[in-house]
Structure formats: C-alpha cells, structure tokens
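Every chain is named by a letter (A, B, C and D) in the order it is written, and numbering of its residues begins at 1.
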C-alpha cells in the first residue's frame, strides 16, 4: 500500500510538473497563476499521499497550511494585478 | 475489511491521478486562457477530491478525516476565487489571450 | 546514494544558481529573489546534516532543524526590509535600479 | 528514490526558472512554486516542523510580500533590461558559481561518517522540558537564547522598516485602505477564510508542544490572516504610533526576557526553567511571543507608513 501511494504521489507531481511548462510558455500572468494553482493543488495531493505512505501525520498539517496559504497568495496576486493596472495606467 | 478499504483507496487515488493528468493535458492543449481555466479548475480540484476520498478510507479517527475534508474545502475555495478573478481580469483586458 | 545526499547536492546547486542570479541580475527585486534561493540551498544543506544525524528514535537531529526554522524567520525579516528599502528608493527616484550615475533616460 | 530524484530535479528546474525568467512577476510565481516544492523536500527529509515553516513563511508570506512588491514596481519593467551585464561578466559569474556549487557538493559527499548528532541528548532531556516535540524543545528550552534574540531581530527589522517612512508620515498608517466591496468574491473569501485560518493558526501553535508545529508556524498563519483582512479592506492597517500595537509587538520579547532573568533566581541561570514547572513556563513565554511574532510578521509585509496619522 505504501509503495502504491508513493508511486501515486510521484505520478501526480510529474503530471503537475508538465503543467509547469505552461508557466514557461506564458504568455500572460493569468496563465502563470493558473499553473501555480495547479502546482498548489497537485502539491497538496502529493503531500497527502506522501504523508500516508511514510505514515507521518504531521505532513497533513503541512498540506493544510499549503491549502490555506494558497488562498492567501491568490488574493495577494489578484490585488497585485488590480493595483498594477491602476498604477501602470 | 481492511482489504476492501485498501481496494477503495486504490480506486479513488487512481481516479484522482487520472484527473490530474487530464487537467494538465487540458492546460497544455487548449488554445486560450478561458478554456484552459475551465480545464484546470474542474480537473485538478476533482483530482484532489478523489485523492482525499481515497485517503479518507485510511484515516485514523474523526479529527484526521475532518482535517482532510477541510484541506479540500480550502483548496476549492482558493481555486474558485482565483478562477473567477482570473476570468474577470482576462475578460477586462479584452483579448482572447 | 542516500536520499539525504541527493538533496544535499540539490542544495549545493541551488546556492550556485542563486549566486549567479544575484550577480547578473540588474533589478534589485530579482537580486532579492536570488538571495532567497541561496538561502533555500543553505537551509537544505542544514537539512541534510539533520537527516544524517537521525538517531534515538528521531527522524533527524532536531538542533539543525530548529536552526533552519530560526533562519527562515530571519531570512523573511531581511527580505521584507530589503523590499521596503527598494520600494522607498522607487518612491524617491522613480526608478528601481542600483546605478548611481545619471545615464538613465 | 525515483521519487526523490524527480522532486530534486523539479526543485532545480523551478529555481532555474526563477533566475532565468524575463518577467519579474513570472519569477515571483516561480519562487512561490519553489517554496511549495521545498516543503515537500522537508517532509522527505523527515523534518515536518521545517516543512510547516517553509510552507507558511518561505512560500506563503514571502510570496505575498514579493507579489505586492513586483506589482508596485511594474512601471519599472522596461528600462532595467538595458543594464544587463556583459557576456564576459556573465561567463565569469557562471564559472565562479559552478566552482561554488562543486565545492559545496564535495563537502556534502565527504560529510563524516558516522554523522555527528545531538539527537540522543535532545531526546534524553525531552522529559525534563515537559514537551513532546524535540524541535520545540530546542527552540524553547535548550537554545532559548537564540529564539529570544531572533524575536528581537524581527522587532529591529520592523523598526528599520518603519524608519523608512518620510518624516511627515511618521506615526501614520501603512499602505492604502482598499474599499470593501460586499459583493466581491474576495470579500466573501476573506470573511470565510479569516476565522477558520485563525483557528488553524492557534491549532498549529498549540500542537507544537507535542507534534510538528509551534509558535513560528502558528504566528505566520495568524499574520497571513491579518494581512488577508487588511488586503480585502475588512480592517484597516493600524497606525504605527498606536499604543496597543506597540504593546502587542513588545509583550513577547518582554515576557521572554523577564522569565529569562527570573531564571537566575529560580534555577540559577539565565533562561533556566525550574524543572517541575518547565512546561508551564514555556507556555507562558510562547503565548505572548506568538502574538508578538504574528503582529511583527504582518507589519513587515504591509510596510512603512504611507498615510498621514489621523489626529
């Protein structure tokens, strides 16, 4: 079971890493934040699978923080985009 | 009993992994920001949902289970918010991007 | 090779990458980012030392781990101060570079 | 092992992107992703406490800080490109950095065997502190003086930042106040997230005595939630000169220092705790310290005063 979960974690991370190519290609900020979002969700999934695989319950708290702070960062992002439109005009 | 739970976990995690792959493919293949957004926000949150569902079968105790569900809800909230706002900024900038 | 050693090598490369960015990037904000990469690499080296020190039923030596937590907080404070300095420079001069001559358009 | 190789490659790839990206904003996004991956690495290195700190501080709060900065600096995107260093300079830099990495890699490969460790001592004295988490024991008991100094360093950084405000704004309010739009998704988000986030922050702080977590990680989450409320305009930033704010900032280090001095009388040394009540004393320190750290971290993100004080 542990091996299966570890492989699943690796698979999710790998498929998310492919999504990162999207960051590299741009072309605009919306795409980039989307790729970061995908990495966030995938990272949380990989972390949870990993936590179960190596039975480290503390890692679930890490995923909890990541999920919470992902929401925080996304608000900061949107505010940033709004402000730079105002400032840059 | 434990065997049955393991099977359920494996099935759910596999489904979740499939959705992650689907989301990535959508992200890479769709031509414009809005349809990529559509692919991403549905697929990856569903993927995370299935992974968490799978792990729920292994959860020890109610608190651990609640924490897992809470993580999913946070991720949904973040995803939904960002999706709305990205779509709004994308539309306001007026291009199909 | 142990997994810890692998991450140690990863940390070594990170320090090099960050240092490169710190030297070649003209924008101060990019320098701050690069500096944080160096920090990440150094912390990873500490993490390797901690992991190798696993014994007495602990997954790693808690002393370097605690040092890294302290380091993360101090790195954050330094980053925040650097960002504030940079924003003030921008407010004052209308530009965000470190050049002192007046060759700017 | 395959998992570790993949993860390490991904970390390096994202780091390289952070350096190579042409656009600053894209580089910052790369940095947030980098922090997230590092949190995974810390879990692999069996250091969940550090993973929590990395996820909260290294990725989350630093990410928010840098995103704000890059959006404010957006108008300067163009001209800086001109100042790129010459090819020779870049080549020299890359040689230097490669040597640096090689030296560090050699050190990693030549680390002594068996590895020196303080883990047995930390574990053996854990009972005396009344704590169950060895990392918290190091931070709060064995090396408490480091932690005390660190809290002071945070305060100094804040004082340094505040003094960057122009003279006429001294004592004023940081940033601008964003108007609250009741129908906005962001407002809804913040109203939902902030109370839950505060609970999570307290939870992470509280479990820190027996499980991964602790005052720094908890305080970072509390700080993030305060910033979230400020960003969405739910609450206004406090005036720098506000008396209660100053009190919240210094109460942690003050209590820490007072208990440290009391250690001379009670246990014969600075920051020594009486063994029978060690856990109680540590908690007495941790609660105000968490409050102070949270306030300091949040104010470090919102920056120096930019609006005149309201009299």
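A few remarks follow.
We adopt the following convention: a contact is a pair of C-beta atoms (placed from the backbone, for glycine too) under 8 Å apart; a residue touches a chain by one contact, two chains touch by 3 or more.
Keep in mind that this is a model prediction, so the values were computed, not measured.
Just to note, of A-B and C-D, the chains joined by more C-beta pairs in contact are C-D.
Each chain gets one centre point, the mean of its Cα atoms, and the points for chain C and chain D are 13 Å apart.
A separation of 28 Å divides the Cα centre of chain B from that of chain D. Chain centres here are Cα averages; for chain A and chain C they lie 21 Å apart. Shared interface positions of chain C, i.e. residues touching 2 or more other chains, are not present. In chain D, 44, 46, 49, 61, 70, 72, 186, 189, 193, 196 are the positions where the chain touches two or more neighbouring chains simultaneously. Each of the following residues of chain B touches two or more other chains: 70, 74, 77, 81, 85.
The full set of touching chain pairs reads A-B, A-D, B-D, C-D. Of all residues in chain A, those touching chain D in their complex are 6, 9-10, 13-14, 17, 20, 23-24, 26, 29, 32-33, 35-36, 39-40, 43, 46-47, 50-51, 54, 56-59, 61-62, 64-66, 68-73, 75-81, 83-84, 87-88. Interface of chain C with chain D (complex): residues 3-21, 23-27, 29-30, 32-34, 36-37, 40-41, 43-45, 47-63, 65-70, 72-81, 83-88, 90, 95-97, 99, 104-105. Of all the residues in chain A, the ones that touch chain B in their complex are 1, 4-5, 8, 11-12, 15-16, 18-19, 21-22, 27-28, 30-31, 33-35, 37-38, 40-42, 44-45, 48-49, 52, 57, 60-61, 63-64, 67-68, 70-71, 74-75, 77-78, 81. By the touch criterion given at the top, residues 70, 74, 77, 80-81, 84-85 of chain B touch chain D in their complex.
The touching residues of chain B, when paired with chain A in their complex, are 6, 9-10, 13-14, 16-17, 20-21, 23-24, 27-28, 33, 36-37, 40-41, 44-45, 47-48, 51-52, 55, 58, 64, 67-68, 70-71, 74-75, 77-79, 81-82, 85-86, 89-90, 97.
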